Structures are given as structure tokens and as C-alpha cells.
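One chain, chain A, links the two complexes that follow: it is found with chain B in the first and with chain C in the second.
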Partner chain A sequence: MKLVLNGSFEDSGHEELGHPERPERTSAALLGVDDLHLGDDLVRAPMYAATRAELMRVHAGTYLDELGAFCYAGGGDIDEDTYATYDSWSVAQHAAGAGLAVVQELQRLGDGVGFVVTRPPGHHALADRGMGFCLLNNIAISAAALVAQGERVLIVDWDVHHGNGTQAIFWNQPDVMYVSTHQSPLFPGSGAAYEIGGMNALGSTINIPVPPGATGDVVRRAIDDVATPSIAAFEPTWVLVSAGFDSHRDDPMADLALTSGDFAAMARTIARFAPRAGRFAMFLEGGYELNALRTSVAASLAAVLESPYSAEAESFGGPGAQQVQSAREERLVALRIAEEAATQGDYS
Partner chain B sequence: MLIEEKVNETMSDSNGNASAQGPGAPPATGVYPADLECEVLTGTGATLRMRPIRSEDAELLVHFHLNLSSGSIYRRYFSFHPELSEKEVEHLTTVDYMDRLAFIVEDDDALVAVGRYDRIPGTTEAEVAFLVADEYQHHGLGQLLLKHLAEAARARGITTFTAETQADNRGMLGVFHESGFPVTSSIEDEVVSLSFPIEPTEKSKARYAGRRKRKPTSGNHHGSRA
Partner chain C sequence: MTRMLSTIAVGFDGSPDAKTAVRWAFNLAVQVGANVAVVHAVGMLGRLDQHDTVQSLETSISQLCDDAGLDGSRVQLHVANGDACSVLLRMADDPIAADLLVVGSRGQGKHPGLLLGSTSLELAEHTTVPLVIVPSL
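On to the complex of A and B.
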């Protein structure tokens, strides 16, 4: 199967000395792609900068103006985690555009798998604010473009952090289902199981927090047991993954214990939610240990492309089975309460 | 013209061995391999001259180095290294054309890129490195240098190239990964170490087809394939 690759590859200007969200991450992800030796099955989508109209499906015009002006004034720190430089506006626009171009190329081919190497990452970015290393919400911008074409989009976010931005953007959007597994407690603090979506989209947000040390079996079970029935009922026509590889056991930013083999297993499972080939794409989010990033990219892509690659073994035995069960119950209770409230007209 | 004269000088220096420098002749240690001179076509369509380095190129090299951005220098030497010492210049320009070989690329009289290999003593491996002037980057010169270095190295008993590059040097990583050679690499401390056999593959041949122009003096250069 073909891999449609794209990214914000001219990203060397978006960099802050000592910051873990660095251009070397893109190199590591690309080395992971190289490791698959795809030859003619590797298709590069064209470099593309998202237009203002495309960004405004997700972001407030005032925020885009502010961010652009902030960058062109030389940039600086947006908050204690998040920086922007003179080049960041252009890099972020190309990161967002890279996703759009991959979607378009997959549609043209009617086949293949997409991988978008986005820097800066996107899933924390809110409609009107950047945070958590993220400036523009890349995956949300692609999902919103698909929704505008009448598609129903599933976003699965296996980054170690909760994608609060993506959740908030589609909170009340019934045509997007957002599923997140993430370490809790951890930045940004959102993503409790009882966060289930707004009144127009009850149940279309699915959060399954897991404790530090959780292994792949726990996270995979979270997807299988808690999310899968709802995903099946949602019947997505497109599937996008917020592929953060900071849930790998070697990542310095958090404490989950996943291996490249776990990402492969998850990718395989999630890709099957797409109704046919050419409707599945992974977007890079976090992942700060370069070798873990490289091997996890290779393993998860190999799994969906059915390419040979020797990934680490899947991990088992960590804590969290109980939390997954609790999340399932908590979610059901929240859904029942919300539905009751909705019928009484006081849920918001 | 000056360059042509120098070529002729070298050739007449080794009088009687002139044929040893023609195409197909075995390379000899310390003998300037005039057969490696050629013209190359860059990605932007410019025709530049590529030839092995000579000790007389010291001044060109110093000038080239002075005009590089600190970013380019850092990427090559892994340190900020604004000026080359006399000793370094001598080391870089004096090669034996066997275990150490460097190509320079000239645009008119300006040196715009250097690529070299240094054999790891006692092995058939050599380390390669490139440096391309800022305004000539992304024109395919890295690829051309790699290809010519690999050809020359193969003829001199070298089987494998190794290289080290910073993980954020996407341009350099691209040169190696798009070369068509089966590159293996590892990352440690933000540095990518690469290694690959330089036996031509179908892919590497396809990668370079039609990119080389032979030097005019060797004739029959139109449409020649490397």
C-alpha cells in the first residue's frame, strides 16, 4: 500500500534553544519512514500552506491575526511551555496545510495511508489560543475540512497528553468523534472520563485516562472495551490519528510504558475503523526521544501498510486496568445524566 | 583557462605517464587524477565544474570558508569555527588522491562546494563530509559530490562510506537517504551516524542518470550518462 507523506519540512526556524519540541524530531520521524524502504510506494504530497479560510474553520480570525503579528514581530514565549519565532507562522501554516494536502492526495488516489509530520504539533491548540507547544490545531483543521465535505471523522489521540484543543474544538460537533487515551494526572489536566461532548454531540467525546506506568495492554483495552462500541455506532467515513509518541516508555516527558509494538497494534486496530483504504492518516503530535520516535513511527506505519518491520514486543502488566473499567462506568453515568438533563432542557 | 593550463602542467609533470591519468587508468597515490574532472549540472540547470582539490586551492578554500554562514560551518564541524588555521587548510587541500580525496565545485572562479572522503586507516571504510556555500544549498550539489566521491572511492578499494550529521540537518540526511544507497543509521545525542556500501544499486544509478556532463575536452559529452 502507498504511504502519502507530507509535513512542515522547512521547520528549522521554529526552534528555541534547549526546547524539547525541536527540528530533530522531524528528522527522527523521517528516518522512521526511511526505515521502511518503501521505494515507489512512498508518495510525497505537495508542500502547501493552509489558507486563512481553511484555518478559520477551526481558529478565530483574531487569534490568527495575533499569532501572525506576534511571529513577525520576532516571536517569543506564548506561555511557559510554548514559543513562537519569526518563522513559526509560516512553519505552522505549512504544518496545517500538510494535513490538508495529504487528505487531498489520499482522496485523489482513493487508496493508501497518510502520514503528516507536523511541527509544531497541534492537539493542545484551542480555537483562540496556542498552548502546550501547539500553535495551530493541525488535525482539527484537516478534520474540519473533511466535515465540510460531508464526512464523519473519527480522531483517535494516543499522545500521552490529553488533546484538550481538539476536544474543545469539536465538543459540540456531532460529525467528529474524539477519542483520547492519556496519562492522568498530567498536563493539561483535562480529559476526564465524564467529559463526553456537548449537547449536540453527546457521547462523541471519549476520554480514557490511564495512570503512570500503564502498559500497552491497558491502553489497547481502553480502546477495545470503552471506545470501540461507540466508534462502531458512529460509523466514521474517515479516521485520523493524533499520533503522539511520548507515551513510549523511553520518552522523557511522561511515564507511560508503551513500546513501538504497542503503537503498531493500536494503529492496526484503529485503521480498521476506516470504511476503506485511502481514508486513514496519522498526524505527528508529541514524541521527544528521538529513537523511540523513529522506531514508533516506523512500527505504526509498517503495521497499517503491511510492510515488514521488526518492532519491539507489545507491553503487558502495568497498572490501569481498574481505571479503564472506572472510566467506562463514569462515562456511562455521565451520558445518562446528560441525556436526562438534555430532555429537561438544562444541559449545556 | 588557468585551470586548463594547470591540468596540462600536471600532465606534463608526469610525462610518460600521461596515459595513466586518462579514463580507465588505475589510480595512483599522490598523482592528481585529471580524469575525475568534469562538468556537472545542478538542480537549477547551472553547469559547474567539479575537480579534485589541489594544494594550490588553499586560497580558494579560505575564501569559501570565510563566506559561509555560521550555521553551515556549525553543521559541518559541529562547532563554531569561523576561520581555518593554516595547518587545517594544508590538511584539507593536500590529499593523496587515494586514501584521502576531495572534490571542489567551482562556479567561474569561485569555490562553491567541497566534498571529501578520508579512509579510516587499515579499513575499506571512509568517512565522507560535504560543505556547500549557502546560496548553492538545495541545488543538488551534495548528491553530485556524494556520487562522484563514491565512484572515485570504489576505484580506490573503498567499499563503505560513513558519515555523521546533526539530527536537524535535514538537507544532509536527505542527500544520503535519497542517494539510492542502502543507508543504515543510528541516532545518539542528537547526532545521526550513517553507513552504507557504495556499490552502485539500480536505485543509485537511476538517481544520478543524466546528471553528469563530461568535461568538454573528453568529447562526446552530450547526453552522456553517469
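On to the complex of A and C.
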């Protein structure tokens, strides 16, 4: 099977000395792709900068204006985590455009798997604000483009942090299902199981928080037991993954204990939700330990491409089974309460 | 009828502007007999040096409390994961149920294109309880 990779890695210039969200991350992810030796099965989508109209499916025009002006004035710190430089506006436009280009190339081929290697990452970016290292919400921009074409999009977010931006953007959008497994407690503090979507999309947000130390078996069980029945009922026509590899056990930004083999297993499972080939793409989000990032990218792509790769063994035995069960029950209760409230016009 | 102030939540990241805001909140608490929740948001980077930061904040709060003549038992430090805006907004909900939010006009995030720090602006847009933005001195 072919791997469709974005052709643009124009991330130079978006860099702050000592910041973990750094250009070497893309290099590490690309080394992971190289490790698969795909030859002619590697296809590069054209370089593309998202247009204002494409960005505005997700972001407020005032925010885009402000971010662009801020960058061209020299940039600086947006908050304690998030920076922008003079080049960041252009870099972010290309990061958002890379997703659109990969999706378009998959549509042209009618086959293959997409991998969008971009930075800055996107899943924390809100409609009107950047945060958590993110400026524009790359995966949401691609999902919104697909929805505009009449598709039903499943987004699975296995980054160690909850994708608060993506959740908020599609909170009331019934054509997008957002599923997140993430460490809790951890930044950004959202992503409780009772957060289930807005009135127009009740149940289309699925959050399964897991505790520090959770291993791959716990996260895989979260997807299998809590999310899979809802995903099957949703019947997605496209599947996108917010592929953050900071839930790897070696990553310094959090405390989950996943291995590259766990990412492979999750990728294999999630790719099966796509109705056919050419409708599955992974978007790079977090992942700050470069070797863990490289091996996890290689392992997860190999799993969906059915390419040979020797990944770490899947991990077992960490805490969290009880929390997954609690999340399932909490979600069901929240759904029941919300449905009752919705019938009385008292839920937003 | 004017509602009594029971709990004031004030954002604190250790910056000079945040200290000004905490000082203002403590003085108000002395006058009205309110409790104060001093709120520190831990971002993605913050967790890397969280222990040292919290120790430093506790020292600052203790000093500011003494300066204002506020009974230390009425002050509690809350350390929560998230961006400063979201964390402060959550303080209006249970269990803190703050009925006033206080922030400095700029925190550690600097946004030269704006009059106020982005946290203050976001709070002003989304808060459900009164908000005081204490100007820089």
C-alpha cells in the first residue's frame, strides 16, 4: 500500500531556543518513515499553503488577522507554552495546507495511507486562540474540508494531552466524531468522560482519561470497550488520527508508559474504522523524545501499511483499567442526563 | 442588593503584574472578609519544573499575605493543569465557586500588539462572574 506524505516541511524559522517543540521533531518523524524503505510506495503530496477560506472553516477571521500581524511584527510568546516567530504564520499555513494536500492526494489515488508531518502541532488550537504549542488546528482544518464535501469524519486523538481545541471546534458538529485517550490529570485539564458533545452532536465526543503509568493494554481497552461501539454506529467515511507520540514511556512531557508496539496496535485497530483504503491519515501532534518519536512513527505506519518493522513489544500491566470502566459508566450517565435535558431545551 | 464577596480567585504566575494583582486581591479580602484562592495554572512546559515553581510561589504568597495583614488560613494555593484562562474560568465553578476573578493586566505571555495580556482579554470575554484586571504599576 502507498504512503502519502506531505511534500512540504517548511518549518524552519518556527523555533525558539530550548523549546521542546522544535524542528528536529519533523526530522525524527521523517527518519521513521525512511526506516520503512518504502521506495516507489512513498508518494509526496504537493506543497500547499491553506487559504484564508479553508482556515476560516475552523478559525475566526479576527484570530487569523491577529496571529498574522503578531508574527509579522516579529512574534514572541503567546502564552507560557506557545511561541510564534516572524516565520510562524507562513509555517502554520503550510502545516494546515499539508493536511489538505495529503487528503486531496489520497482522494486522487483512491488508495493508500496518509501521514502529515507538520509542526507546529494543532490539536490544542481553539477557533480564536493558539495554545499548548499550537497555532492553527491542522487536523480540524482537514476534517472541516472533508465535512464540506459531505463526509463523516472520525478523529481519534492518542496524544498524551487532551485535544481541547479539536473537541471545542466540533463540539456541536454531528458529522465529526472526536475520540480522545489522554493522561489525566495533565494539561490542558479538559477531557473528562462526561464531556460528550453539544446538543446537536450528543455522544459524538468521547473522552477516555487514563492515569499516569497507564500501559498500552489500558489505552487499547479504552478504544475497544468505550469508543468502538459508538464509532461503529457513527459509520465514518474518513478516519483521521491526531498522532501524538508523547504517550510513549520515554517521553519527558508526561507519564504514560506506551511503547512503539502499542502505537502499532492502535493504528491497526483505528485504520479498520475507515470504510476503504485511501481514507485514513495520521497527523503528527506531540512527541518530544526524538528516538521514541522515530520508532513510534515507523511502527504505527508499518502496522497500517503492512510493512515489515520490528517494533517494541506491546506494554501491559499498568494502572487504569478501573478508570476506563468508570469513564464508560460516567459517559453513559452523562448521555442519559443530557438527552433528558435536551428534550427540555436545557442543554448546550 | 449587593452580594457579599465570599471567595476571590486571583491568578498568579509569579510575574510582577501577577504580584500586583495578588496584592490587590489580598487587600480587598482584608476589607470584606473574603477567602482567597490563589490560582496557578500549569501548562505543558510548567510540569517540567512544577515542584520548584510551586515552592517559590508559596514563599511569595506567604510574604504578600503578611504584607496585607491577611490571615493565612483564608488563603489557599490551587495548582491546576491547563492554560491560565481556562483554569481561572473553572474557579467560578464548584468546588471553589469564586464570585470574583482577579488578574494582572499581563502575565508571562506577552502580546505587544494588544493593550492587555491575552489571558485578561479571554477572561473578559468568557467569565460568568465579575472580573477585575489590575493594571501594571
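As a working rule, the second predicted complex is superposed on the first by the 346 of 348 C-alpha atoms of A that agree within 3 Å, B and C clash if a C-alpha of one lies under 4 Å from a C-alpha of the other, contacts with A are read in each partner's own complex, and residues count from 1 in each chain.
Operating definition for what follows: contacts are C-beta pairs under 8 Å (C-beta built on N, C-alpha and C of every residue); 3 or more make two chains touch, one makes a residue touch a chain.
These numbers come from a predicted model, not from an experiment.
Taken together in the superposed arrangement on chain A, chain B and chain C fit without clashing.
Look at A:Met253: by the touch rule set out above, it reaches chain C but stays clear of chain B.
Contacts of A:Arg294 after superposition: chain B is touched, whereas chain C is not reached.
Here chain B and chain C are compared by how many residues of chain A each touches, and C touches more. In the superposed pair of complexes, A:Ser190 makes contact with chain C only, with no contact to chain B. Contact with chain C, but none with chain B, is seen for A:Glu80 once the two complexes are overlaid on the shared chain. Looking at the shared chain after the overlay, A:Ala327 reaches neither chain B nor chain C. Between the C-alpha centres of chain B and chain C, as viewed from that of chain A, the superposed structures give an angle of 110°, to the nearest 10.
Once the two complexes are laid over each other on the shared chain, residue contacts for A:Leu31 go to chain B alone; chain C is not touched. When the two structures are aligned on their common chain, the gap between the nearest CA atoms of chain B and chain C comes to 19 Å. Across the two superposed structures, the residue set of chain A contacted by chain B and also by chain C is empty.
Remark: chain B residues 166-170, 173, 177, 183, 185-187, 190, 192, 203 touch chain A in the complex.
Taken in their complex, chain A has these residues touching chain B: 9, 12, 15, 22-24, 26-28, 30-31, 34, 39, 290-291, 294.
By the touch criterion stated above, chain A contacts chain C in their complex at residues 19-20, 66, 69-70, 73, 76-82, 129, 131-133, 161, 164, 185-190, 252-254. Residues 13, 42-48, 80-84, 86-87, 90, 107-113, 118-119, 122 of chain C touch chain A in their complex.
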